[in-house]
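In the two complexes below, subunit A is the common chain; its partner is subunit B in one and subunit C in the other.
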Partner chain A sequence: MTGRRWYAPWLFLAPALAVAVTFFLIPFSNTVVLSFTDASTLGGGHFTGLDNYRRLLSDDAFWLSLRNTALYVVVVVPLMVVLPLLVAVLVQRRIAGIGFFRAVFYSPVVASMVVAGLIWSWLLSSDGLVNSLLRALHLVAEPLPFLTDSRLLLFSAMAMTVWKGLGYYMVVYLAALANIPRSLLEAAEVDGAGPVRRFTSVTVPLLRPTMVLVATLSAIASAKVFAEVYTLSDGSAGPGGEARTLVYTIREAGLGLGGEAGYASAMSLALFLGTLGLSVFVTRLNSQERQA
Partner chain B sequence: MPSSRGIRLASVALALGALSTACGLGGSTDGDAGAQQASGSGGALKGTVTFETLQLKPTFTEYIEGVIASYEKKHPDVEVKWVDIPFAGAQEKMTANAVAGTLPDVVNLNPQFAQALEAKGLFVDMDTVAKDIKADYVPGAWDAFTVPGKKGSFGIPWYLTSEVTMYNKDLFEKAGLDPAKPPATFDELLTAGAGLSTAGKGKSYGLHPALENRFITDLAKQGVPLLDESGKKWTFNTPEAAAYLGKLVDAYEKGVFPKDSITQDHSKSTEAYQAGRIGVLPSGPNFLTIIKENAPKIAEQTGVGPQITGASGATNMSVMGLLVPKSSKNQAAAVSFASYLANAENQLAFSKIVTVLPSVSAALKDPYFTTAGDGSVEARARKISAEQIAKGRNLVPVQYDERVTKAVIGKVQLALQGKLSPQKALDEAVEAANAITG
Partner chain C sequence: MSAPTTIPLADPAHPSAPTPREAPAPVTPKPRALRLRAAGGTGVRYLLLLVVLVVTVGPFLWQLSTSLKGAGESVFGYPPQLLPHEPTLDHYASAARTVPVLSYAFNSLLVAVGCAVTNCLFGSLAGYALARMRFRGRRIAFGIFLATMIIPFESIMVSEFLMMRSLGLNDTLVGVMLPLAVTSLSILLFRNAFLGLPREVEEAAVLDGAGEWQRYARIALPSVRGTTAVVAIFSFVFAWDDFLWPLIVLSDPAHYTLTVGIQYLSGTFTNDQRVVAAGTMIAVVPLLLLFFTLQRYFFRGVGEGAVKG
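Then we have the complex of A and B:
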């Protein structure tokens, strides 16, 4: 090995490393440090030990956000794993005009979140399209408070998340479906398996790694949900902020001129650990089942 | 579809609305406090002054640049650099600047917005450095930059707005109300609102609560004490306040407000008014301009009346100010420019461009504000709000900042939904607000 210099690989790595260190590692370490202080967004702050974390334990807003976020994950993740798969199987067929349907399912992914929020709040407002339909069909007498009942608001936001993410995960599944060898499906068919059996016994097992990927990605996204709740509620997270999610509460605590940077950092760290735990859990679950 | 000019005007009105209501200009002194200060100490003004405004470009570019040019002519050694930042993200930008010690030399803020920075003692005390011009200003406006429990005043009032009551005469007629007689008290407002909602049959409503904008001001107007003298303990959980909240709860139940309105802010109430969906809109007269741009038909049907008042008879004004951070390296020139921009002549010129009022008493005496002019609704609104300014005050203490607002309004929303009793909601609101302010 002559003429090779030890630093050559580092030179190649330098740009990426610099970006990672500047925009990820340093801010992250700073968040960790801040979470042990009473710093405000205007700077300053003293070391306060575990005070912020103790405060978390008795903070109703934090627990409410945690419950709402957990509910979000529990509802959204299964839907995100199953629905896009079904849609992908549907639009996978090569028939005339199928491209149109693929594009239709994908279009919400391209829409900006703010635009999507506006559309959904028009749809769901008390005199919006959904309520008008329900009333015209005499299904309800009074408009349903989709945007002003915190529970309904949270479910409306979940619907919006699913609608918006469906196309993205559909494309992920389409790619995976294209990789399933036709020979396996044909062999199953020769063995007498119908379309449902072929789907459950051949397609689904082969798609398992993709499903784990989708579950992990959508769990992380759901744990960080913010924009849906924010845009549907005019920034209020529902009356009394009762539909608040973790990121919403972090933003509320840490933003603005009087924001508590220290406390918000502690919450961010709790969210980080929670999300990390969630993805490890999903991955573990998968590997255990594989071994079983 | 609002035109882009409409949107621009709307954003300007929002920026103005975030401050307060109307203003005018005029006055005899040139109000050059810094110049007096500098000449007093024997030094001439020189150097660069950075001046930051909130969303005044492009609508007021010509005006601001004109003032800057005439100031620079008077003080050839001073260069004024104007920076305009959008309302969205302004807090973040200022936070970053404050941390880095790079706040501009003169900054345009309202008292509530400036509060967090003021609490850190970041601004120059105008009672000291601009004491010569203090007497020129409407006392209520100058006092808007004082903090209860503290000495000094941290800003020069620039322009004012004083809410008027806009109402849709067409909807009034349909509801059998007298279109020449707008509601004047809170009880009249709620009664009119109920009538309007009944007549609207779900297509239009009486009022929009715009809680974040009006709730606390409305309590103050009814004589409810908001904050104690220490400036740290909130006191608005009185039986009178609970009684008023009880009336709002009742009104919401009876459909006086649109169902979705409890979590919506002032901009949504303006939208609803422009769409003909609500009958009464208490707001700054500067919004008349926006309504005219976006909804000319509604503007034609709009009448104006004086601000809704309560037991105390007090009227509120909103104030936009000019502040000089202590970190400024050129404080004398900064104070001089700020007082020049806010002098009678320049404020009068400004309030002829947009329906705001000057904070200088002399300017308010200009016939522009004392006569109903061409008889237009804007002229009437201007006259009404100018009259109100004389006895108006900034009723909401600077401590009622964004975070306190959110905490308080959250509880009020729960009361409106019947999840908390009015008294309990206010008790919890006070507790939450104390935790932030205390």
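Then we have the complex of A and C:
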């Protein structure tokens, strides 16, 4: 099917290419260029070589953000790989009312992160529902500072991430579960394997590619975490900004009045390389384990 | 004990639709012990389902309950009261008086509908070119779209802000919309959908003298309505829920979208949890309604997006 006019395909592509180039490729190139300058958000800037990157190495706020973000990835990814899978197995069988359960389990995905953040900050506040229940059950004497202790704030944000992502990855796993040949499960049953054994010996190995996909997606999403921490702390990232994440620090450094666009760009490139590295790492890890 | 019924996730929205029952009931009755075990298994399954249900929907219900509680009623959770004693809608009016929630909702609607339209239109045009046309540079164009998927938006947001300012679009809804106007995911979904169409029909149209535009508009696009619905819904929800970019690009509170506006409401104006709760309900209920009406497109979109994206 050859076009009669050579430019016809380009007319079809023009709007999408214009958006991709103007709002992705050019800003990305600009980020690379700016990272070697001392530009502010107001403009200007001189070439300063690797100064921004040198400064990163000794910037406590950057390292703190990096540590918090890394902790986020390390805690959230295993939870996101495992919990939605268990829920998917739970809703897989078509028992009465299962459509209702599936839909409700998905509903947090539809809510925006801000809505989720406001709901959770009310739940987790010092006189909120969670603390009241904990006190009613005599599990704690004093309310736990879920939102005002920076370490706990970070873990509260992680819990919210998992709550909001659970339904999404559940649907991803459901699609994969549907592709497992029933004959395999039946054969295992005939061989005397119970439900747990069938799950670990048949289902999990066959779902491996999906688990890698979920790990990659949730790792990249966790590396970019911002709204959870921002909304749970009313924009402060905890006392002294101790719960800051990488994106939080980039925004703080590079935007607003007198923002250091150049320095923030160097941080942005660190984030870009980090997400790239994460996806390569997860894929590698998977292929190595396969060979072993 | 019957083997777990694995049913493809083709249409999870219609669980009540008759499921194909493969075999007629076995003639010999199952041993009593086995039947009891199966019944027990189902009971445990429902119990676990209820636990997950409480965890997923509980936070929404608590917020809804808070938004309906009367001013004289304690909203604090000690002892927790799920059902309001003096239910009232006052706080919804109060939220709307404190900040212009309705105008924020209208701004969000404009951005979200705009994004749905542009993603369907521009995404399908580009997807059609990539799927059905042969031309020099096709690989490069495809590569550009794939490259934009690897770049996290968060890592270019500072430069994006500078770009918008040089275009004079900061603090405008167009500025909020443009970076989301056509995502690479939309393009890929359309490309895959077009690749899945039989070529014969279009080839026949070529013989009849139909040009590229006619083949796209008259034959290809009407054949991928499902994908169009998926792209429209996901673009809409993504734009409606977006927070970081509108937070960066909008500075005048009069231009805020709902997500930024609700955060503004809670942070700046009120410590009354009932009002904040009412505000969040205004932001989330339309989307929940949309979701419960069009579930199957949501589920289909997750499947296609995650597997192919």
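Here, the second predicted complex is superposed on the first by the 273 of 292 C-alpha atoms of A that agree within 3 Å, B and C clash if a C-alpha of one lies under 4 Å from a C-alpha of the other, contacts with A are read in each partner's own complex, and residues count from 1 in each chain.
We take it that contacts are C-beta pairs under 8 Å (C-beta built on N, C-alpha and C of every residue); 3 or more make two chains touch, one makes a residue touch a chain.
Just so it is clear, the model here is predicted, and its values are computed rather than measured.
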Overlay on subunit A: subunit C relative to subunit B, clash or fit: clash
Subunit B versus subunit C as contact partner of A:T41, first or second or both or neither: both
Contacts of A:A111 with subunit B and subunit C, given as first, second, both or neither: second
Partner chain(s) touched by A:D127 [first = subunit B, second = subunit C, both, neither]: both
First (subunit B), second (subunit C), both or neither touched by A:L285: neither
Which superposed partner A:L255 touches (first subunit B, second subunit C, both, neither): both
Contacts of A:V74 with subunit B and subunit C, given as first, second, both or neither: neither
First, second, both or neither for A:V21, with subunit B first and subunit C second: second
Contacts of A:G241 with subunit B and subunit C, given as first, second, both or neither: first
Subunit A: partner with more touched residues, subunit B or subunit C: C
Subunit B versus subunit C as contact partner of A:S233, first or second or both or neither: first
Clashing subunit C stretch [against subunit B; choices 39-47, 93-101, 183-191 or 201-209]: 93-101
Contact residues of subunit A, present in both the subunit B and the subunit C interface: 41, 127, 234-235, 255, 259
Residue numbers on subunit C that touch subunit A, as the complex places them: 3-9, 12-16, 19, 42, 45-46, 48-49, 52-53, 55-57, 59-60, 62-63, 66, 76-80, 118, 121-123, 125-126, 128-130, 132-135, 137-138, 141, 144-145, 147-148, 150-152, 154-163, 178-179, 181-182, 184, 187, 199, 202-203, 206, 211-213, 216, 237, 240-244, 248, 259-260, 262-263, 266-267, 273, 276-277, 279-280, 283-284, 287-288, 290-292, 295, 298-299, 302-303, 306-307
Subunit A residues within the subunit B interface of the complex: 41-43, 125-127, 143, 145, 147-148, 233-236, 238-242, 252, 255-259
Contacting residues of subunit A [partner subunit C, same complex]: 1-4, 6, 8-10, 12-13, 15-17, 19-28, 30-31, 34, 41, 87, 90-95, 97-108, 110-120, 122-123, 127-133, 135-136, 163, 166-168, 171-172, 174-175, 177-180, 182, 185-186, 189, 213, 217, 220, 223-224, 226-227, 231, 234-235, 247, 250-251, 254-255, 259, 261, 264-265, 268-269, 271-272, 275-276
Subunit A contact footprint on subunit B (complex, rising order): 91-92, 94-95, 98-99, 113, 115-117, 119-120, 202, 258-260, 262-265, 268, 401-403, 406, 409-411, 413-414, 416-417, 419, 436
